[in-house]
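The first chain written gets the first letter, and so on, giving A, B and C; residue counts start at 1 in each chain.
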Amino acid sequence: MSITTTKPTGTPGGKPAPSDLRAARLPRWSPYVIALGSLAVGCGIGLAAGLDSRLQWGLIAALLFVGVSYILSATVEGGRQAKDRLATSVVWVMFLLAVVPLASLIWETVERGSKVFDGYFLTHSMGVVADDEAGGGIYHAIIGTLQQVGLACLIAVPIGLLTAIYLVEYGRGKLAKAVTFFVDVMTGIPSIVAGLFVLSFWILILGFDFSGWAGAMALSILMMPVVVRSTEEMLKLVPNELREASLALGVPKWRTILKVVLPTAIGGITTGVMLAIARIAGETAPVLLLVWTTPLINTNPFDGAQGSLPLYIYQQYQSGNQAGYDRAWAAALALIGFIMILNLVARGIARWKAPKTGR
Amino acid sequence: MKLQRKNRRALTLGALAVSGALALTACGSDDTGDNGDGGKKSNAASNIDCNGAKGQLMASGSSAQKNAIDAWVAQYRSACKDVQLNYKPDGSGAGITAFLQGQTAFAGSDSALKPEEIEKSKKVCKSSQAIDLPMVGGPIAVGYNVPGVDSLVLDAKTLADIFNNKIKTWDDKAIEKLNPDAKLPGTKIQAFHRSDESGTTDNFTKYLKGAAPDAWPHEPGKSWEAKGGQSAQGSSGVAQQVKQTAGAISYMELSYAKEGIKTVDLKTGAKEPVKATVDNASKAIAESKTVGEGKDLALELNYKPTAEGAYPITLVTYEIVCEKGNKADTLAATKSFLTYIAGQDGQALLKDEGYAPIPAEINTKVRDTIKALS
Amino acid sequence: MDIPTDTPPTPAPVQDDRPTPAEQKRAARGATRPGDRIFLGLSRGSGIALLAIMAAVAAFLAYRTSVALADNTGNFFTTFEWDPAGISSDGKPVFGIAVLVFGTIVSSIIALVIAVPVAVGIALFISHYAPRQLAAPIAYVIDLLAAVPSIVYGLWGAIVVAPNLTGLYSWLDDYFGWTGIFEYQGGAPRSLMTVGILLAIMILPIITNVSREVFLQVPKFNEEAALALGATRWEVIRMAVLPFGRSGIISASMLGLGRALGETIAVATVLSPSFVINASVLDYGGGTFAQNIASKFSEADEYGRDALIASGLVLFIITLLVNGAARLIIARRKEYSGANA
């Protein structure tokens, strides 16, 4: 497309090519050696001092790594380079530090969840299986969650996107200020309150029955502000030059927004929407209040009680026995898997639709 | 234009995804009977009178009776295919609230209705009022985790002191006196209570207050009124803590006290300490008296029983319905279901699930009341 | 030193972005063509719809709160008790939020203190440090973790994490116990600190995601200019990337904070709550707004629910103040944003 930049892409880290004019540098392999060395010393100290927590070993090794690389670099390469290396090691350590709990979480879920996770589990509902018996499945819950989240998206994404567009592209007056303010307020709504609101408004006052739709409405209230905030942030990052270029060519503003601004920001917007879906797909409280939950399959979100995955996890956990725990972990695995697939698809679409830019 | 072609492709993809999702909805199954031991009790279903009932029956309330409801529903559904019972175990309070707002056909509650709740029920029951029907009993076990101690006897006063943080270690004199043979360690006592409001807490503190009023100064209630102490969410939560923590003690429904949790034998007015078992709970319920007015069958437990083998920390779960003026479209199903669970077959099922059946004398009154529901 | 963001001679503020309260100025906004009018109408309509929903929720909350507060015999802000049923005071409701305010703020601060540096580190790692082949999968995994439902975090926190924290807490007690903040009496490590750690892990993916997205948007020429001047990679980040991304980081942290403040099920599963304020963050006790609502909700009667909603309203207001403050900071740093913000 026309906005493709012709700039040569730099290396991702933007590391300057080594130059002979440079002062002495540590050899390229030094970080690896230091890492190995500090790991060994860390384990050694851990063993010697009789620390039984592997985490402490890791922490000692990490501290050693950062310290040693800084001192070495400071003596060989000088202060600025040392600082650079310090930053590099700190970033690496931060990354590893975060990977430990996240990996543990995924590992536990996969390990514990795979026990009862099979075709039968995915294609059967709980039927009449009691909580403390083995067997049963999550089919009813998958259907429920898919429909509720889908409906919530149908409400929240258009409203959220358009509101963000209004705020960034049009709004400057009192209305925009009010909307911005209330979007902020909305991010703070406790999920159970959103559920209560729909309960008292839709079911108690208007007299409708419990249904997947009622749950979807509460979920969309929770979803909207997240969509607005992330979309807004991404739209603001679209360079003004693009808008100006398009407007200067005589393209109407709405087409500029649809064809230039949105496609440029689509990657970030997709991520934002995904995050919003992730937030609501795991919500338990409003669903508990509004869709009632049933162990049987109900494919009509507008009539009668429905199941829901997070609620299923919650209830199986609450049942407090091994069969329930197994099912809860397996359902968690399914929920994560479902979101992963969704995420992949969204990313694919985003990459495919997005205009090519410099990076 | 190129972009538009891409759009069309995206549309196709979207359509594919939607039709795929639709195809998916056709392949699931509610039939779980042949898997695991889901169908282990498929007899006796023929005695259930469906009363020509149809449709969805919504109910909610006590999570304590969830397993009993599960077992009943399994039986009931095999006889009455047209009725779909959805029981949501989100707590007695939520159950009563939902019932009073007219959302449900009946509620399950671990405590009888309060007078103001009965007053409120007149709105939803049209001129009549809501009544309590005792349906399920269950012992609340006091589970502990003290390495090396396999059986432990406590009385109400000692229990109250432990949960009130007066007795702080396991080798305290008061505990030693009740357990002369046990090797009690000097570890600190870690007493856990429920962090959420719960009928279990309500019944447990009622027992403490009823049996040891001097040692337990706090008012009984669904939330823990004593200051401090450690807590965890839900019966499963406290059970988990007791399992994990050496020196821990807590109270929970009997069905949660397993996998390494031992239960306390209670010293009551009787000669021998009483074990927390289903039978012993039934004996305690037999000692209780009816305090409800009219058709209401609310019970008051005797917390200082002298009968042999009566375990007094017992929880009775009531089903709450309108005496008259139940919703017309669910009345048939409600009556049919309640008749089944109060009947012989329904009550007989309870013991397998770790619950105590309601003693015959009270049960007869419950059945008569159900017959007259309208 | 700040490298000025490389804005080409900025054209005079584009006319069609200016405030236009009056009808006649609509032309100037470019909203003369029918397509534009429809689009403007649509987007403004969405904004108004959102406002209407919000107003309805707020009105509902305010009404319920007023019902609850009318009968409260305790001081709503200073009472250290939560007894809307009046169990220990002859049926007179007594409840206050002092403990909840404390617990919520403390646990969220712990979470942010841990999460923000780590998250920014990871975001930088993905955008500027990681080998190219690694960056995309890592980013994807982090995305995925944002999707883990909080009940799973709760499960994991209670079963896997909490039992392993005793050692760390004893260590903290040994060396920092004298401060009073890190005193540890023993007992199950289910304290505000544990909650903070778990919340930090939970909000990490969100903060990382958004910051990363912002770091990737840093104009390439800013970085290249810095490199051309001989800056090291760290200097590039400090002078070009971080200033540009600051509002993004704050916005990301706020999203994280929003989740931390309102997190319900995970906190309820991990915390050992009680209605006392404890100076030590390592000892059990305390509580948060959302946890308290979740824990008390199911057994509460209608009035009890109103009381809980009143506490929900306060959570609301706290979130609002936090957001407002962040907005102010962002507004002050606007000059660094390359776009039309």
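Throughout what follows, a contact is a pair of C-beta atoms (placed from the backbone, for glycine too) under 8 Å apart; a residue touches a chain by one contact, two chains touch by 3 or more.
Remember, predicted model here, so these are calculated numbers, not experimental data.
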Contact-richer chain pair [B-C vs A-C]: A-C
Chain of greatest Cα-centre distance to chain A: B
Separation of mean Cα positions, chain C and chain B [Å, integer]: 37
Centroid spacing, where centroids are CA-atom means, of chain A and chain C in whole angstrom: 14
Multi-partner residues of chain B (at least 2 other chains): 90, 240
Residues of chain A touching at least two other chains: 317
Residues of chain C touching at least two other chains: 159, 294, 297, 305
Chain A-touching residues of chain B, taken from the complex the two chains share: 3, 6, 10, 13, 17, 21, 24-25, 27-33, 35-38, 56, 58, 60, 63, 66-67, 70-71, 73-74, 77-78, 84, 86, 88-90, 101, 103, 234-236, 239-240, 255-256, 259, 353
Contacting residues of chain A [partner chain B, same complex]: 120, 123-137, 139-140, 143, 146, 203-204, 210, 259, 288, 292-297, 299, 304-305, 315, 317-322, 345, 349, 352-353
Sites on chain A touched by chain C in the complex: 7, 10, 12-16, 52-53, 55-56, 80-81, 83-84, 86-88, 90-95, 97-98, 101-102, 104-106, 108-109, 158-163, 165-173, 175-176, 178-180, 182-194, 196-197, 200-201, 221, 224, 226, 228-230, 233-234, 236-241, 243-244, 247, 252-255, 257, 267-268, 271, 274-275, 277-279, 281-285, 310, 313-314, 317, 328-329, 332, 335-336, 339-340, 343, 347, 358-359
Residues of chain C defined as touching chain B within the complex: 82-83, 85, 87-88, 158-159, 163, 186-188, 190, 268-269, 271-276, 284-285, 294-302, 304-305
Complex contacts: residues of chain B adjacent to chain C: 90-94, 96-97, 100, 117, 188, 190, 192, 195-199, 218-223, 225, 227-233, 237, 240-241, 244-245
